[in-house]
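You will see two complexes here that share subunit A, one where it goes with subunit B and one where it goes with subunit C.
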Partner chain A sequence: MNANAKVLKHSGQTRTMHWLHLIVCILLALTGIGFYWDINWINNLFGGPANASIVHRWSAVIFVLGPLLYILFNFERFSRFVDTISNFTKDDFGWIKTMGGYIPFIKVDEVPPQDKYNAGQKVLGGLIIIGCLLMIITGFPMWVWRGVVAPGFLAFCYNIHFWTSIILILLVLGHFFLAAIHPKSRVEFSAMMIDGYVDADITAEHNEKWYATLKEVE
Partner chain B sequence: MSTFTSRDIIHVDPSICKGCDHCTSVCPTRAIHGTIGEKHRIDHRKCVNCGQCLINCPFGAISDLSALDTLVQALNDPNKYVVIQVAPAVRVALGEEFGMQPGTNVKGKMFAALRQLGFDQVYDTEFAADLTIMEEGTELIHRIYNYAGVAGFEESGPLPQFTSCCPAWIKYAEDRYPHILPHISSAKSPQQMFGAIAKTYAAQKLDVDPAKMYSVSVMPCTAKKYECDRPEFIASGYKDVDVVITTRELANLIKQQGIDFRNLNDEEADRLIGSSTGAATIFGVTGGVMEAALRTAYELLSGKTLGKIEFKKVRGLKPIREATVEIPVKDLGVTVPVNVCIVHGLKHVNGIIEDVLAGRSKYHFIEVMNCPGGCINGGGQPIRHEMYA
Partner chain C sequence: MKILKESSVFTRRQFLKGSGVLVISAVFMGIFAKVGFDAVAAQEDVVQKRVAGLYSLDEKMTIRKSHENPEIIQLYKDFLSPGEIKPVSDKAHHLLHTRYGEEVPGLIAELKKHPIEAA
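And now, the complex of A and B:
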């Protein structure tokens, strides 16, 4: 593999799932914000709060089924992903200390070598999985069991759903900034959004450990 | 036909409502409009003012019309003689608002607190509930005599007889099944009997001008606020009950006045119309009115005391329960099997009414209460926040 070569980082199915999740998340966030805070202009985009709620709930079905199908058809890949993000090494803590060199006012001499996903992506991945599970676990009774559960439990579900959604929205905004806007990190934008490939030299710099593994296989 | 009230009792605050849609599942008359995500609203023509949506709203977005300010004004008015009655279900719920275990009987502390609040006379609705038992029991006997063809009872109403204590049930019957009205007992509810007696008999005994008497009731029920405003309840020429407050509102009033409720010494109700037999204590629970009225009817008809009534399904939360009580009628020399039915939750009463209207009902006496479990779980009771249903 020469330095000008490309590395396939994200498969077609992974990219499709990411696109699906992106669209559905935007719909869920918009509709949720619209009818939770009764913001008319957002609700009107969907034909009023009742329709916004219908869009929210059926988007939530896709939000659940999309990743579920992806996991079923790509179980090994997903297992590897979970294995990677849950394997937090000394280098990952080092990355967190320096914030990967992405924050201007943190002086960094050297960023520790990273896996296929850097420590920030590992934390994000973990939080997204936990957040999505919380949204599903609380959203289900809010929709399907709303008439039979105790009011106290329903209020509890709303609170968890609300605060989890706020955290997830902030995380996704941060993710969007680093993945699409920040000049140092947006170099991987096309890998997830378009063709799946990253320049080998960028991979060698940003994901040194993973790149070394690829080299070994080669 | 619709009994349209001039004051809408139950309201949804759209600025708080999250559109969770829980309230529509507890509304017995489908009076709440809206779907998930949408601000809900109440159709007051259908609403029976029971307040079940209020105590079950996860966000506290639903409230009842409060007359607490009017009551405080009356208490501060030296020209007003303020009497208060308290329903049986209030004493076992009020303590919750002061951190006590649900079900703690705080009757003594409650009467003490009411005196400290400045009420001139403090009474117990159980007195009037005893009267209700006598009225409904006697009326049932008359209807049975009429059914049996006994001369002199031709004017009595048809069987089965329905109870009349629950104002939500009464409004529901008026709105949905006006043809059932002749079957409903003509007895006023204990609250209204008490109000009438307070401003007639008690006013006379206490030498108080009924015009100056201000009659207050504390109820576990928001529909009682609607009931007290019904135009027919003016026995003395004045409103029988001027204002109704709920258990929650009484607790708020006690807190506002800085009364140390938990450390009050127990007191008794005033005696004139405050004493009772104790038979009406069970009125607040589903089946309570039935048992008390049947006991009276049995004793009057047989001249004997009734033992324990054996319900097929003993007290509990089963929405429809039934029993047969064999009553020996001394005057007729026969034993009459009286089939009784107990319903709580208006959602379950439609089939029973339709059977009665179609002439295929086997029952003679039917108790109907709107709230699950009876008045003890009324819309005016403390709002609980358990995580389990």
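And now, the complex of A and C:
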């Protein structure tokens, strides 16, 4: 065991991008919920429904540009991430069967060894990418072409945008619960939100397959 | 303290997968944008024809300005501002403007209280 060893799990740029996306997603979710259901107290946080709508649109621009810049400047890291989340093995299906031991009423003897991201995080990563793409391609006509495209097409975009956002909000709430509240996994909270490091012992237990590939630098 | 990091090796598989996601996203967005731009372009012609039709209809009208409409002038003289033509007189404002949103319950209460005057 490596009692004093640490693993650098997330780089500075990754953490910055995650923080940026977190803030922008909160703004988008709040403003979207506020003016979709006409909830005055939420709209008034942004200076009324019209201003909430403007905040929503320009937050969406950052929502697109932030990850885009990150991917362009960190293409290798992004590619490794895509490779990891798309690499679904027998161990990942084993994790799904046992739900990683997170569900109290599912009896688990042993959770299969995992990559840098466990199977749940892999599924989340894939859904976030698909969800973000859907939000972008449906949001664009809702903003720029709302006066010129057919009403049916616009209604289609609104429906996709609405249901995708509901699914994404629920996924992010689940992600927040597991990453920041659940006692088994919140030990990794500071890795993404503060300094990027996780205790080697924890990594060896939660991400056994990835841990085996790490190399010592200091 | 010992620090561990992941390997910096960048494999061909990783490159292909990363590029693949970007290319698929770009193609997907490109197709959607093409459909949208085509729809906008197709609409442009229809909008121009509709604009021309509305102007043409308007040019054929005998009365083209509401404040020169004899019936409206008469309505003001007889009822909305008796004896004169006074647009947005108190009565005209009261009768010709509606209320919206949070003012509606007040309007309903007013109509119930004084049905004839409020109407």
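Some notes on this structure:
Simple rule for what comes next: the second predicted complex is superposed on the first by the 211 of 218 C-alpha atoms of A that agree within 3 Å, B and C clash if a C-alpha of one lies under 4 Å from a C-alpha of the other, contacts with A are read in each partner's own complex, and residues count from 1 in each chain.
One rule holds in what follows: a contact is a pair of C-beta atoms (placed from the backbone, for glycine too) under 8 Å apart; a residue touches a chain by one contact, two chains touch by 3 or more.
All values derive from a computational prediction rather than experimental measurement.
Aligning the shared subunit A places subunit B and subunit C in steric conflict.
In the superposition on chain A, contact of A:I39 is made with neither subunit B nor subunit C. Look at A:S86: by the touch rule set out above, it reaches subunit C but stays clear of subunit B. Looking at the shared chain after the overlay, A:M142 reaches subunit B, while subunit C stays out of its contact range. Of the two partner chains, subunit C is the only one touched by A:V217; subunit B is not. Look at A:L8: by the touch rule set out above, it reaches subunit C but stays clear of subunit B.
Contact comparison for subunit A: of subunit B and subunit C, C touches the greater number of residues. When the shared chain is aligned, subunit B and subunit C each come close enough to touch A:A150.
Touch criterion met: A:H56 reaches subunit B, while subunit C stays clear of it. Within the three-chain superposition, the subunit C stretch that clashes with subunit B turns out to be 63-71, the only such case among 9-17, 27-35, 63-71 or 81-89.
Comparing which residues of subunit A touch subunit B with which touch subunit C, the overlap comprises 148-150, 153.
Those residues of subunit C that touch subunit A in the complex are listed here as 1-8, 10-11, 13-15, 17-22, 25, 28-29, 32-33, 36, 39-40, 43-44, 47.
In the complex of the two chains, the subunit B residues touching subunit A come out as 14, 18-22, 24-26, 34-39, 56-59, 384-389. Partner subunit B is touched in their complex by these residues of subunit A: 31, 35-36, 38, 48-50, 52-54, 56-57, 142-143, 146-156, 158.
Across the complex, subunit A meets subunit C through its residues 2, 4-8, 71, 75-76, 78-80, 82-83, 86, 116, 129, 133, 136-137, 140-141, 145, 148-150, 153, 197, 200, 203, 210-211, 213-218.
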